[in-house]
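We call the chains A, B, C and D, going by the order they appear; numbering starts again at 1 in every chain.
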Amino acid sequence: MTGPQNHWSKNEMVDQVIEMLEDGSSLNLGIGIPTLVAQRIPPEKGIWIHSENGVLGVAGRPTRQSVSPTLINAGKETISVKKGASFFDSAMSFGMIRGGHIDVCVLGGMQVDAEGSLANWMIPGKKVTGMGGAMDLVHGAKLVIVMLTHFSKRGDVKLLHRCKLPLTGKGVVHKIITDLGVFTPMGESFQIDQLAPGVTKEQLGMTDALISSVN
Amino acid sequence: MTSKVFKDAESALFDMKDGVSVMSGGFGLCGIPENSILEIRRRQLKNLHAISNNIGNSGRGLAWLLKEKQISRATCSYVGGNPDLEQQMLSHEVDVTLVPQGTFSERIRAAGMGVRGFYTPAGYGTEIAEGKESREFDLPCLLELPLAADFAIIKAQKGDPYGNLWFQETARNFSPLMAMAAKVTIVEVEQLVELGEILPEDVHLPGVFVQRIYQGSEYENTIEIPIFEDEN
Amino acid sequence: MTSKVFKDAESALFDMKDGVSVMSGGFGLCGIPENSILEIRRRQLKNLHAISNNIGNSGRGLAWLLKEKQISRATCSYVGGNPDLEQQMLSHEVDVTLVPQGTFSERIRAAGMGVRGFYTPAGYGTEIAEGKESREFDLPCLLELPLAADFAIIKAQKGDPYGNLWFQETARNFSPLMAMAAKVTIVEVEQLVELGEILPEDVHLPGVFVQRIYQGSEYENTIEIPIFEDEN
Amino acid sequence: MTGPQNHWSKNEMVDQVIEMLEDGSSLNLGIGIPTLVAQRIPPEKGIWIHSENGVLGVAGRPTRQSVSPTLINAGKETISVKKGASFFDSAMSFGMIRGGHIDVCVLGGMQVDAEGSLANWMIPGKKVTGMGGAMDLVHGAKLVIVMLTHFSKRGDVKLLHRCKLPLTGKGVVHKIITDLGVFTPMGESFQIDQLAPGVTKEQLGMTDALISSVN
């Protein structure tokens, strides 16, 4: 089983995130697909990007001339910063998140469920990456967005009634963006906020009971 | 009066022994205390409890010690990017405790600042909560306890003879917190500057938290994932 | 995009109402937000809950509001040096809650950093402990809860349009903590500087905690107890 | 009843404190008599004076030229700082104390008792100054010293079996320096470490039961 042909590209998924951002808001980007958001935000939106290793005001990539080994994001990738950026220690950095000062948080995920729970840090017996900052990042932001491909490589849908993998956070996710659409966890089912052009409800690989309504 | 300034890593780490707990600053390989780690490798200290966000990465940093089987216990938040740790965790050579990164930072700060425990929502409803006390505030929270260590080894861009430190860019991360939380904090700096050269307002870590300081040398300052503009 | 920069105290405090809680930075008269306090006096806001280490001192600062009977509740650590507060406390015009200063700072930080509660030894075995949960760690400790507010009014030496702040000497005190703990933080600065003028490493308070900023004027910067070398 | 003639002056009391300080140690000085310590410490001892309003490295008084309204100690008095000083916020400042990083703490007091408890923040029905930082300062330092005159103005001895005034801290004081001597609280009684020259045990105004031994 593979996904439908008419899915969003990664960049189109990223644009769905960008549409949700209010001008001037602050934004934490998780490792993986979410880091792409930094490259596509129009500067005139005045977004302040936070990376939990201790920087607010992440900008684009550095040049080979300006690159610095001490200037990285939480994915350990080289970055640059914009005017007005600040650096701080990790306690302050997570305090910004935990204290609700970062408006939006975008994370990757392995599974997400109708209760708004997220799993993204281990597959028992197979793979343990550790939770890193994810267990902290899911609490505090006004808007927690999970970006993930709708189906796993094996073809399993990642939007479930309840996650099967160990949780990163319970009931913490507000919006889910996959390559097929935008969803809101409603408790026992998902609300479809939007589908990628040409994608049908039947292609989502979800039971009718798991879909509460089409917006 | 005894000076805090030491000649090099060898003299500064003179009393570090097998079996101690060591906090090591740095996020991935950014801001790691290269000289002190290499000295621990040279001395072949064993059975260490390493407390660090990544326990090295990409075969470097604390992974230098993993390769030599010097670490028996690790407290960290992230294993990804560190194949040496992943492998020794699966083979049970290293006993790994995973701590959510914000809780990790705050527990280290708590040890340094004399806070005996605190409540955070991070990890509630997950495996991390097992065996921990929980309590309902506006959100259900876990009680978390201070995380201290025998030694902290950290690196700063600039430091003065009293131990006042200044960190560059994102190299600050856990380092000032660890300096507060260890019995003995050993700092290596790129530049050992005169007392008064760091503006008192801009001291990132006051020297009272530092026991020993030395000028480091031959830094690799490895970039793990170099990505450049218009090249990806 | 809405700017955080306001013209003056009058425009920046536009939505402050009777009965709100207001944190005010400063230690004694050092680092107090003079312009914002005077604006609150001009507007004759009443029934305020003032949260500040001293609630003014020597008849100035928040004592300007005490004289006008604008404060009905005060949370602070020290009353000495503030005859206006002492008198209104004894006459029950102001309901004063005294909090040990270290607990006061840490409770404000906790509110800002999303820590839901913490344990400290301060106050154990004293009147302050009454009605509080205690718990034995290495020392017996009290459970203390976050202290937040509707507004924070603070002053910094320098600030930029995003609200990044830099404080001079001991004027920092409670101000950055209060900025984190309030729903709306209003900053007045001696110098409003360009974005990027404060070195990113030397930002004392990142702008994300600040909602409004304005250039203050006509600072008194009163010295309470001037003592000079070779003159005492 | 007034005290004996042969008591120590304030400066001599201060010198008793200075003798207890190890070279290079850190020291917090409370409001009142303790602030005098800052003026008399020989610079070659390399002591780092902390003031809880957010400074480490307090030096002598400023000149009329160098004075700054933003540079004060916890007693709101103008100060100067030495090379290597640092400024920080109040949470960090009290964390230094609470975390045990300040070696010695010197406070004033109204009453102190054999259990090592201190009262210095209020007299019920008469006077409330507030505890300020005192309730935090008594926990954490390796050596907590209380400096106070041996007798009140009314002539009551301030060293008691148990304090009568509301406590600042319970069982927290290690050494007591009065104008008549140096004392160590032992639980049920005080050990006399030293008496000011010419002062006798009888002049202390304390019962035999309250004095456990003369060192």
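Note that in this section a residue touches a chain if its C-beta (ideal position, glycine included) is under 8 Å from a C-beta of that chain, and two chains touch if they have at least 3 such contacts.
The model shown is predicted, which means the values in this text are computed figures rather than measured ones.
> Listed by label, which chains are in contact with chain A and with chain B?
Expected: C.
> Taking each chain's centre as its mean C-alpha position, how far apart are chain C and chain D in Å?
Taking the average C-alpha coordinate of chain C and of chain D, the gap between them is 28 Å.
> Quick check: how many Å separate the C-alpha centres of chain B and chain C?
Chain centroid spacing, chain B to chain C, equals 33 Å.
> For chain B versus chain D, what separation do you get between their C-alpha means, in angstrom?
36
> What is the distance in Å between the mean C-alpha positions of chain A and chain D?
55
> Touching at least two other chains at once: which residues of chain B meet that condition?
Answer for chain B, listing residues that touch two or more other chains: 106, 109, 113-115, 120-121, 139, 167-169, 172, 200-201, 204.
> Multi-chain contacts only, two chains or more: what residues does chain A have there?
Each of 55, 87-88, 91, 94-95, 97-98, 139-140 in chain A touches at least two other chains.
> Which word fits the touch map of the chains here: line, ring, star, complete or other?
Contact map by chain: other.
> So which chains actually touch one another? I want all the pairs, not just one.
Chain-chain contacts present: A-B, A-C, B-C, B-D, C-D.
> Once bound in the complex, which stretches of chain D touch chain C?
It is residues 51-55, 60-64, 67-72, 74-78, 87-91, 93-95, 97-98, 117, 128-137, 139-140, 166-171 of chain D that touch chain C.
> Where on chain B does chain D make contact in their complex?
1-2, 109, 111-115, 160-162, 164, 180, 195-196, 200-201, 203, 206-209
> Which bits of chain C are touching chain B when the two form their complex?
106, 110, 113-121, 135, 137-139, 141, 166-169, 172, 199-202, 204
> Going by the contact rule at the top, pick out the chain C residues touching chain D in the complex.
Residues in contact with chain D: 27-31, 53, 57, 76-81, 86, 89, 98, 100-106, 108-109, 120-128, 139, 157, 167-177, 204, 221-232.
> Enumerate the contact residues on chain D facing chain B in the complex.
Answer in residue numbers: 23-24, 26, 44-46, 48, 50, 55-57, 81, 83-88, 91-92, 94-102, 139-140.
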